[in-house]
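Think of it as A, B, C and D in the order they're written, each chain with its own count starting at 1.
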Amino acid sequence: MPDIGHRRWAIAEGYIPSGSVSQDHALVSHEAVCLLNAGEKDADIAITLFFTDRDPVGPYRVKLGARRTLHLRFNDLQDPAPVPRDTSYASVIESSVPIVVQHTRLDSRHPNIALLSTVGYAEA
Amino acid sequence: MPDIGHRRWAIAEGYIPSGSVSQDHALVSHEAVCLLNAGEKDADIAITLFFTDRDPVGPYRVKLGARRTLHLRFNDLQDPAPVPRDTSYASVIESSVPIVVQHTRLDSRHPNIALLSTVGYAEA
Amino acid sequence: MPDIGHRRWAIAEGYIPSGSVSQDHALVSHEAVCLLNAGEKDADIAITLFFTDRDPVGPYRVKLGARRTLHLRFNDLQDPAPVPRDTSYASVIESSVPIVVQHTRLDSRHPNIALLSTVGYAEA
Amino acid sequence: MPDIGHRRWAIAEGYIPSGSVSQDHALVSHEAVCLLNAGEKDADIAITLFFTDRDPVGPYRVKLGARRTLHLRFNDLQDPAPVPRDTSYASVIESSVPIVVQHTRLDSRHPNIALLSTVGYAEA
């Protein structure tokens, strides 16, 4: 399949609540970036995080094979540093080949969950 | 009415929870792709699903008449294979004529429902 | 202020649940289209609704003054016909001047509310 | 890092509910605009609010440093006037350098929270 997407994306919203009503992995409060590489070449992806009152952190490096998707939780990022909880951040995602990026948050601070999702901003 | 949209779309987020608080069809956890063909020609649509650690599955073939909309649940796809539950996936939607694609999830794992929706990524 | 937006928009998702936990106007289940006319000329807007198995209905005609916003509930549309509940639909919004269109649903079928929102698809 | 985004954005949806189930700052009903300035120059940002039946209010002036993000609550805007509660509005965001804009609402009127988020409309 021909590739689809762009090489440079941004997500201006980011926030991982520290609280959760459940310790079930699927229902822990989390923030994820869904990455799709529909094309025939593997993608080298670099994620940079931006904050309100300190310098950016990154790059976080991720590999995404050809014709694969990865739903990456920001909660799980560790290198070069874990993502702070209860802190606003934003992200820029840069890829060696065109990909599609979608952002999702599951918030389970309260007795029920809330969801949000939106396609990232793609630099044409 | 003149057509509106694009012929190639991608949705990087996909996940059908296996649990639901209700067996009412309208409230069962589901993930849907809303397709609009506003133009005067019927659309032949092919959906391909992408996964984290195996090859893509598809195409799932769908017909959408001129001047019609279809809100298709991924839960209902059967041919060539049902969509696995509790599994991350992504999708590419290709159409013979321009269409508009929007993605919606209703999550009723917990005692209350959560909703998300976003317009897909359109390849210009 | 110079205008911003496009003259032709589509929202592929549409569904008004018939049930609500509250009869409070703000909390009744509803689906809305938020229209912004930031420019200096009044807008004549025509909305056409599309369905799964019958012909489109419309146009619903709406006026939106210069430098004004209107958050229009599909629930309130009456002419040429009310919007059926518990029925999937899609919409195309056409304007005489550039506008911005965002789609929102508040679902209060269950004991708690759920929200979704997304910017419409704009025909470039 | 090179900048990413646009200088002119619009969000057609806006509504701050007056009620909240919690007075915890993180869980009070709020509407926010997430701004990302990934580039190397500081941004001077002007926000104008639009209403249904009166003239626009603004500009609200915000500074956003190079390589910083700001998650600004409309609830907190005071100059030239606070944002009315329980009132529909829309916004246009103009920046001296390219930025990315995403819109989020947390609604805690009911015993549980609901979330929505979407990338704003960017004027190409």
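Everything below uses one rule, namely that a residue touches a chain if its C-beta (ideal position, glycine included) is under 8 Å from a C-beta of that chain, and two chains touch if they have at least 3 such contacts.
Quick caveat, the model's predicted, so the values are computed rather than measured.
*Asks:* With touch defined as above, tell me whether subunit A and subunit D contact each other through largely the same residue numbers, more than half shared, or through different ones.
*Replies:* different
*Asks:* Rounded to the nearest 5 degrees, what is the angle of the rotation that puts subunit B onto subunit C, matching CA atoms?
*Replies:* 90
*Asks:* When the C-alpha atoms of subunit C and subunit D are each averaged to a single point, how far apart are the two points in Å?
*Replies:* The answer is 21 Å.
*Asks:* Between subunit A and subunit C, what distance separates the C-alpha centroids? Give it in angstrom.
*Replies:* Each chain's C-alpha centroid was found; their separation is 30 Å.
*Asks:* By the touch rule stated above, which residues of subunit A touch at least two different other chains?
*Replies:* 111-112, 114-119, 124
*Asks:* Hey, which residues of subunit A end up touching subunit D in the complex?
*Replies:* Touch list, subunit A to subunit D: 8, 10-15, 17, 48, 50-53, 55-56, 86, 88-90, 92, 103, 105, 107, 109-112, 114-121, 123-124.
*Asks:* For the complex, give me every residue of subunit D touching subunit A.
*Replies:* Counting only subunit D, the residues touching subunit A are 1, 4-5, 26-27, 34-36, 38, 67-71, 100-102, 104, 106, 108, 111-119, 122, 124.
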